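What follows is one structure encoded as structure tokens, with my remarks underneath.
Going in written order, the chains are labelled A, B, C and D, and every chain counts its residues from 1.
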Amino acid sequence: MPKTSFIDAIRQAFIDAMIADESVVLIGEGVPDPKAIFGSTAGLQARLGEERVFDMPLSENALTGICLGAAVNGIKPVLMHQRIDFSLLSMDQMVNHAAKWHAMFNAQQSVPMVIRTIIGKGWGQGPQHSQALWGMLAQVPGIKIALPATAKQAYLMMRSAIEDPNPVLFVEHRWLHHTESEGTPEEWAKTVLPQKLAGAEIVREGKDITLAGWGYSLVELLNAAQALEKVGISAEVVDLRVGHTLDIETLTSSILKTHKLLIHDLHPEQMAPAHSVISKVVQTLADNSEVLKDMQFQVVAQPNHPVPTSWHLAKFAYSEAEQIVITVLEMYQIDDLGVLEKAKAQISYPPRPDIPNQAFKGPF
Amino acid sequence: MPKTSFIDAIRQAFIDAMIADESVVLIGEGVPDPKAIFGSTAGLQARLGEERVFDMPLSENALTGICLGAAVNGIKPVLMHQRIDFSLLSMDQMVNHAAKWHAMFNAQQSVPMVIRTIIGKGWGQGPQHSQALWGMLAQVPGIKIALPATAKQAYLMMRSAIEDPNPVLFVEHRWLHHTESEGTPEEWAKTVLPQKLAGAEIVREGKDITLAGWGYSLVELLNAAQALEKVGISAEVVDLRVGHTLDIETLTSSILKTHKLLIHDLHPEQMAPAHSVISKVVQTLADNSEVLKDMQFQVVAQPNHPVPTSWHLAKFAYSEAEQIVITVLEMYQIDDLGVLEKAKAQISYPPRPDIPNQAFKGPF
Amino acid sequence: MKVLWREMLRIRRFEEMVASQYAEQEMRCPVHLSVGQEAIAVGVCSQLEPEDLVYSNHRAHAHYLAKGGDMTALIAEFYGLENGCVGGWGGSMHLMDLKAGFAGSTPIVGGTVPIATGAAWAQKLKQSSACTVSFLGDGCFEEGGVAESLNFAALHQLPILYVLENNLYSVYTPLEKRQPPRELYKVAEAMGLKSLKGFGNDLEEVLPLVEQALKWIRSGEGPVFLELSTYRWPEHCGPNDDDHLGYRPEGELQRWQARCPIQLAQVNLGIDEIERSQIEAEVKQEIEKCWQQALEGGIPKAENMETNVYA
Amino acid sequence: MKVLWREMLRIRRFEEMVASQYAEQEMRCPVHLSVGQEAIAVGVCSQLEPEDLVYSNHRAHAHYLAKGGDMTALIAEFYGLENGCVGGWGGSMHLMDLKAGFAGSTPIVGGTVPIATGAAWAQKLKQSSACTVSFLGDGCFEEGGVAESLNFAALHQLPILYVLENNLYSVYTPLEKRQPPRELYKVAEAMGLKSLKGFGNDLEEVLPLVEQALKWIRSGEGPVFLELSTYRWPEHCGPNDDDHLGYRPEGELQRWQARCPIQLAQVNLGIDEIERSQIEAEVKQEIEKCWQQALEGGIPKAENMETNVYA
């Protein structure tokens, strides 16, 4: 079975979308450069033309408005930031303008643009290159948020994002870039498209606890689920897929079965999107107090501080598979250290805490 | 008993803080102009000097960085935006820089600056002048968020914000400006200062349900509480006061009594800060499943769309006292329309839905 | 040329009507009047084709009308009615009339400047023959996004005309409290744009400058920046005069009123009082008719509030 | 002058040491080397007093060292150790040595330009005699916050020197793909700043320009903008050469290497090989000693991560 990497999936999504629709253009710092945004835009300028594949000045704010202006005038731009942290410069254009344009002009124009961003991690990304941040835009009606967890999803969601008539924030995680899905974009395009930017998906069945999250969290959740399996806990894993809306049915149907819900989240805990999920589930089940009584809810989000650059510190700045396992065992009131050790032994850890795999050698 | 208006309280806080500390300066678009930010800075330039009270260019982004640079070098700036919506232009400086400066340079410098913002409402403020938005910064460790609900709090919290060694986002609501508290800043300064930018406060005792919120929500909650009183429901009202942290003890102690919690929130419902409160309460009470069983939780936040400008539409774009009452009655499964009407008759509505009082005549 | 004079008068009378009706408190939204600045809107927009696009800011009425925007729909919008140009979503600060090529105005200062630049980028990418105009104020020029936009426009040689209406104030704050002594158009010039400057109250001075600019733009010679000096007569926001507040030097307003764009052009064009009063009457009639029609509009339906959010 | 030459050499050898040790994979953070650009850092910082402040960006090593920042603490920071200049929080991109007046560097491009401007504002408000230097790149100049900062500095006549190191690239993107043909310093000049330009690889050209600039600044004549042309030799980020990637025109790197700031100054100053090798030895010794000391540092404690958040 052929496999496709996340980066190749993104790249193929660009190619296919651009062939399917002449109005799609790509723009971003480094898009046509030799590193091509981690390879995801490699060769595209040569292949699709200088009039469709652009570098840009360091002007994140205006460029967001420029893409919006182009989007309401017949172009479908994909604007890219190598770190989502840079997109904070364009918050006004995203929130005050792109997200509201369709509503505030009474649906006269739609804004088909994609803002592609990358969450950094490891190798000293430090406080300003490692934030999740999409939770801010999740507070803003009018913009969609796509959070792919696999190469296959990356392809499908990028295609959907480009086709969507609304502004879409597309959020990748740097540590997904090398991951692979079975199959090829060609097959996926034939069989699984079109996809909606909505809806959760059960990606692993289980009966004892529901683990849910977005994007890269799925790696950590599946890792934890595997470890929990070995100590007799069967975890169901739900991929929430998008950030602007919640598929409450899929989620509640899962926890009506498992009675336990844990959400993993890459934001600092203090006001992580995960909390909204818990709150919505609780309110949804409000009429069902007998069920609620038996239920348990936990959020495993990130510590409430920036991520330091030193890997000695940064390794303590993340709550991941191990913390998920610990929290689940606590939910079960299992305090037998032997069980914990047994589970931990099943977790697959990265070769060193600040690199996703042996091939990763920095510097970025 | 003398009374003090919210605007006068803010103004007096500036005067007192500036007399107490020579390093405090005020800056913002219109600070020294004839309208003086709704009167809150009236006469201050004449009184405290051109070297301490400044107008500024329309450069929200850089000015935030400039205030940060001044703050780490011995000045305590208060930067003002006439609408919080404008502060989106400075998100990078607030999130990437001000909030992180202390941590990321290993506590070598602190950032004593205040960003004063105003949430707009009514008289056609429309989609770009009526957002709450502070929930975005509530996701960011390192910045404090002060949300005064009364004139007295405005005074005390502004004094605390200016004295605080950290960046503080100070959020006022336009419809609080004319409200009054009993007493004078002079008394408050003597008896109630210093105040911490932390901690919730029970502002109305009750036994049947806990209503909680921040800032202007308190007006709506107290309004609803009074109406509920008339139909035999005794509501306790909790002022959550700050946005960066939650006083979970005060809140849980209240709901352990009332077993019902409703949070009112000025953000769109989809990822309103209120959800975090619910989630944290549920997690905190997790070990107490017997208690949880009887509990009910509700969020009354705003509809998931921008606020249109037309007052004919905007009046449906807010969920306020009436919606709180309706929701509480639903929680009690009271569907007797007579009860609802009786309660509604007690709600004090504004003279027209888009003005806080008869004196308000636009245009801003 | 007389048509243009008429258009200025029409806008003036329209704004005066807004001011006089505002006291009724049924236009329940902020309004920023353009009285005193009409020659710019008319001088620029009269030389555009319908398919050319105009983007504007909080002070948009004159631009909207001069570009051919529907007057009835504009009035209805002020009143928040269903027949408003954006169905009650916009008030005075979020306007759009796509048929006329009035492509949007918003009140976040600087917000539409990049958007207009993007519209011009789209025109270039689509090899359209149309161009875009971006109106901005002297205060707006201080926003970083403007500098970023000018750079992008110059880099890509976009078909866009930036029209800076330098009325010397941002709200109550005079230019010299916000910027060092400098020529604004020279900044744009140094950034790499063809730049022009003129007296914005004199239609006869504005027209050839715009003509020149559009010639460059339409022949693919890239963006042009045009600074036009002018002056706002009424208060920044609202229907009233505010000279009593004392933020403008004594006599300044009067000096500018003496250089009224409409008066100036009337003299230059030799329009006599008979002609004038005839045109006045026509204009008055049109405005009154539109006003009446506008007020016949229904109240917008709240149901579409949620459905408007996503396309 | 020879001291300055020595300082350039010291920075060069330091950066080379970073490059050579990087392969060990124990400096686990991005590094942006300044090889080729030393004359600017040294030419500027050597003329500052310790209480003058310097703010920098992602490419900060040279500025930090030239301003007198502690070398051991810098190395330790790269390794993420407790004795690092910011205790392991910073890596190579978030540096600070307050004792030396190195007031901060961060890697959000444009981030420190307003902050430096604010530092100068504080100096002015406190009537301090100190001034501030803000280093920025040609890419950074495209960020709107820079234009906003320059305006504020000129408006308030702040004691700040903006030093634009124009190395012709932002990562792999050449200037002409990001900006129209224009002189960067002329943009600042049009904005209202005194502006100068020079060849940044020639210490003897840099020094008098900086001297002039500081004279203006210290005598209260407001901010100065200084553009210095230069060239980065190694890859944008990381320890290696990257000329094989083909993003620079053939021979460009070699032409610039032929104008090596250290070589140029050595010739101009008549430093012979004997003297050079003596200085080389001293410098080598210092770097090796610092390296050794740095690596003796402990691992930072995770406990302070939460307590660092609020003061």
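Here is the rule we go by: contacts are C-beta pairs under 8 Å (C-beta built on N, C-alpha and C of every residue); 3 or more make two chains touch, one makes a residue touch a chain.
None of the values given here were measured: they were computed from a predicted structure.
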### Query
Among the remaining chains, which ones contact both chain C and chain D?
A, B
### Message
I'd like to verify one number: the distance from the centre of chain B to the centre of chain D, where each centre is the average of its C-alpha atoms, in whole angstrom.
### Response
42
### Distance between the centres, which are taken as Cα means, of chain C and chain B, whole angstrom
36
### Query
Multi-chain contacts in chain D: which residues touch at least two other chains?
88-90, 94, 106, 108, 111, 142-146, 148, 151, 155, 177-179, 305, 308-309
### Task
Please list all residues of chain B that touch 2 or more other chains.
56-57, 59, 61-62, 85, 89, 92, 96, 103-104, 126-128, 141-142, 304-306, 308
### Message
Which category does the touching pattern between chains fall into here: line, ring, star, complete, or other?
### Response
complete
### chain C residues touching chain A - in the complex, by the definition given at the top
53, 55, 86-90, 94, 96, 98, 103-104, 106, 108, 111-123, 125-126, 144-146, 148-149, 151-152, 155, 304-305, 307-311
#### Entry: chain C - residues contacting chain B, complex
22, 25, 28-31, 79-81, 84, 88-94, 106-111, 139-140, 142-145, 170-173, 177-179, 237-239, 242, 245-247, 299-300, 302, 305-306, 308-309
### Query
In the complex of these two chains, what residues of chain B are touching chain A?
61, 85, 88-89, 91-92, 95-96, 100, 103-104, 126-128, 131, 133, 135-136, 138-142, 244-245, 267-268, 270-280, 282-283, 286, 289-290, 292-294, 296-299, 304-306, 308
#### Entry: Touching residues on chain A, where the partner in the complex is chain D
29-30, 33-35, 55-62, 85-86, 89, 123-129, 303-306, 308-313, 316-317, 354, 361-364
### Query
Hey, which residues of chain C end up touching chain D in the complex?
142-148, 151, 154-155, 157, 177-183, 186-187, 189-192
